[in-house]
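As written, the chains take the letters A, B, C and D, and residue 1 is the first residue of each chain.
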Amino acid sequence: MTLSRKEKPDEEAPAVQLDSVALRYEQGPFILKDLNLVLPADSIRFLTGPSGAGKTSLLSLLYLAQRPSLGAVKLFGTDVTAANRGRLPAIRRKLGVIFQDFRLLDHLSTFDNVALPLRIAGIAETEIKENVTELLSWVGLEDLMETRPAVLSGGQKQRVAIARAVVNRPQLILADEPTGNVDDEIGMRLMQLFIELNRLGACIIIATHNEHLVSRFDFPRLSLADGCLEEQA
Amino acid sequence: MIDLRSELPLGGDSATAYIPWLVAIMVFLGTLAVSGVNTFDSILQGWSRSMTGTLTVQIPSAASETSLSETTAQIERVVRALNATQIVDSVTVLSKSELNNLLAPWLGDDIGDSDIPLPTLIDVTLTDEAPQTVEKLRTAIAEVVPNAVVDDHRRWFGHLIELTEGFRLLALCVACVVAIALALTVVYATRASLAEFKDIIAVFHFIGAQDMYVATQFAKRTFLAAFKGSIGGFASGTVTLLLIRWLAQNVESGFLPDVSLGLSFWLTLPFIGILAALLAMVTAYITVLGTLRTMM
Amino acid sequence: MIDLRSELPLGGDSATAYIPWLVAIMVFLGTLAVSGVNTFDSILQGWSRSMTGTLTVQIPSAASETSLSETTAQIERVVRALNATQIVDSVTVLSKSELNNLLAPWLGDDIGDSDIPLPTLIDVTLTDEAPQTVEKLRTAIAEVVPNAVVDDHRRWFGHLIELTEGFRLLALCVACVVAIALALTVVYATRASLAEFKDIIAVFHFIGAQDMYVATQFAKRTFLAAFKGSIGGFASGTVTLLLIRWLAQNVESGFLPDVSLGLSFWLTLPFIGILAALLAMVTAYITVLGTLRTMM
Amino acid sequence: MTLSRKEKPDEEAPAVQLDSVALRYEQGPFILKDLNLVLPADSIRFLTGPSGAGKTSLLSLLYLAQRPSLGAVKLFGTDVTAANRGRLPAIRRKLGVIFQDFRLLDHLSTFDNVALPLRIAGIAETEIKENVTELLSWVGLEDLMETRPAVLSGGQKQRVAIARAVVNRPQLILADEPTGNVDDEIGMRLMQLFIELNRLGACIIIATHNEHLVSRFDFPRLSLADGCLEEQA
């Protein structure tokens, strides 16, 4: 596995497919009800909805944190709901996730946090150094490579999280509120990064509250309300 | 390859930092307990060798001069009867001076000079240690000299042996308790440190790490932590044992058997620590895999 | 008032969850060690009472009938000399049957019926236990009956006493090691759990809680956790001791002194646990205050 | 101490006063240089600046997390830089802080998190129940009172953090990116809460990247850039 241009995912298989997906936590109410969705490999979408609508919950189904209560989730044509546990790591390596609460590893430096997915994938250290350095420069953190996340500002943490999510050139990027803690200038820069990755073939879903951001780009919007998903062009 | 040292924040202020300490303490106490068991074992064996393998036959002396030849004849008959049983290794008739030494504490040092007619004592070493043997000999001797007394020493050492066996059991109990405590502690510490690292493990998981990869990392780190503790416990345990041995050297003499612990014991000692470290490692491995299995 | 149970997440998967376990184990082992010290103490005291407080005087019997009155006179002279020293509590001349029992192991049960002229034994109890006392008596007796032998029993029990003293020292060492281990463990566990709760303490701090308030909460929780462990350790330790006592009852007889642990020992036992819990509490209090002082 | 209207702070003393304040972390560069500022007790301000400019650092000086490297910080006329440690808890109880990363206590329910400042202040339990319930309804979390923060959505957590900060009717409210994770509707509601508290006499500082929000309200703005503070009407 190298960092050079990935083999394009099977054009036939959509990156994301939801078949009658529903989700509830334990015996609680259904947060998501009967979602149906097909996203081609090169699509980019905003995911909007009021606080507590279930955006993070929907993304968590896609980054394989949990199984849906009902229905099936398919990624790149594989039904991950039914798939053998052993096959999931390979699928996870095709994903890039930006968590709403970052989930950086506090004991690792900025550089090591970003390098982690490459190291897990067994990439050579020289290649890692090159890629990570370049990416951190892009998000404006070249001076903070040896810093631990604990002393970073909110926006800096968010950028580290984004860098970690995209360093592996994933085929599906799931971003949860990726610009909530950065100013508009950096926000634009990060959006450009996403658009660039989308051009290279990645499917991207960006959950956000930022109406400003949504209105500035004319990506189709997935709107969550009352547990139902609505697709808007 | 991934740099193991930087992947997981094991150590530092985490629960895993306990493991070396706990393992060290447990290995230390375990070493003492096991050596206690061994010491008592060795004491008991020493006594059992010096006792169950021997017995003493007493032939009361006749009161008058004339019966001296009678006594001599009795001694001869007993010795012959003993040798005939085929289970006797050696037979020694105690000399008068040996007898004096034996009785001195009770009858005074100068008893030998007095006219007290002492019984004759015959020390017998057996080839067979079964209790029935003594009975067999008793019967054989009773046939030839009815008033001879066979003493198998049990009477004297009996209580001491029982007490020592009690101590041996106590040491064994402590060793078991320490082993259980060690196992519990390691399981517990591993689980706690897993709980602490739950978020980190989740990140590894989401990034696409294999279960085995995470479990192996944990197992390695836990083994190293436990091993460090083992070395500490082994070292302090051994030093303490050597100190006690040094103190005990003044005691080891006279009627106590040689209680110094054999080479094989000293060679076994490090394995207590290694076992503890392995236990910690396997526990960590299994616990991590179990935790990961609960994730999708 | 603030509900203590909900303020701090002590327990659960935190390092503090160890404290009960660790304290329990340490209190258990400490209880065993302390009772070991006490047992050996009690054995030594028993022996020392039955030995240093007493001695035996032997007067060799005269060979002929005519000297029987001479022997009686000698006994009288010795008893008088003993009473004159003012340091003698009681003087008992052993009867013939008592003497037979004493010598039976060596000379056979039926020695009493034989004509062997036995020495006379006089048991003496002293009011003073100093070693010089024995010398003084020895001199006093030598003056009246030169061939009398004074035996202060040391000779027989010497080695056994030394060995027992060695064991006592070993038990004392273990008790000390356990105490040190407990202290270290508690300090360490408290520090680790503080590190774990650093963020929570910071929130309390920012909200305007007084240092003492936070420290007191920690101290209380740590005390309760340690106390829980203490109870466990105390209970298991006591049960083990009772079990051993039960096992030992078969042994305690004959020439061994009564080694049962006194009421005062059993009453002291709970204090090991309470001390451990208090140690934990104070450590927690001091550590929290120290941590808070580093904050603005 | 009760929850009823607080005694108005001394009108003479400004709520916040910075005299030549500078801050650096250890031997690093100065993040804040020679800041001078006087905020009257009833003022409300936005605090803006690019990511990493030092907004959170400035607030941390005000919520007494650290002392400035140079200069003096005065709150309600008290020089907190020089004040005895024992006097600080009383000042802290006059503050309400909304942390950028929320800092909720995961082992406490939503209700208990919000009730914490009142409990520390020794308020009666019946009064606590009344106030906390009312406040949680206001921020739209009446159904989640017994929930632990770990299972809340990002926006829900943020609202709990805000409720905890204001439940004690503080005289100085320091809000770090308080609307980063909520949608516009809830954002407006929270802003109204701040405005209401300001009317009741509290001084309020809101650090934010949200230009949209800043432009919608005409509060004066404190702008941080290159370690210097600029006040704009």
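Throughout what follows, contacts are C-beta pairs under 8 Å (C-beta built on N, C-alpha and C of every residue); 3 or more make two chains touch, one makes a residue touch a chain.
Because the structure is a prediction, the values reported are computed rather than measured.
When you average the Cα atoms of each chain and compare centres, the chain farthest from chain A turns out to be C.
Centres computed as Cα averages put chain A at a distance of 63 Å from chain B.
Chain C has its Cα centroid 69 Å from the Cα centroid of chain A. Distance between chain B and chain C, defined via averaged C-alpha coordinates, is recorded as 23 Å.
For the pair chain A and chain D, the distance between mean C-alpha positions equals 31 Å. Multi-chain contact residues of chain A, defined as those touching 2 or more other chains: none present. Multi-chain contact residues, meaning those touching two or more other chains, do not occur anywhere in chain B. Taken together, the touching pairs link the chains into one ring where each has two partners.
Remark: the chains found to touch one another pair up as A-B, A-D, B-C, C-D. Within the complex formed with chain D, the residues of chain C that make contact are 1-3, 6-9, 12, 199-200, 202-211, 213, 293, 295-296. For chain B in complex with chain C, the touching residues are 13-15, 17-18, 21-22, 25, 28-29, 32, 36, 58, 60-61, 63, 102-103, 105-111, 114-119, 147, 149, 151, 155-156, 158-160, 162-163, 165-167, 169-170, 173-174, 177-178, 181, 184-185, 188-189, 191-192, 195-196, 240, 244, 247-248, 250-251, 253-256. Chain A makes touch with chain D in their complex at residues 25, 49-52, 55-56, 100-101, 151, 153-156, 159, 176-177, 180-187, 209-212. The touching residues of chain A, when paired with chain B in their complex, are 63-67, 85, 88-93, 95, 97, 103, 105-108, 112, 116-117, 119-122.
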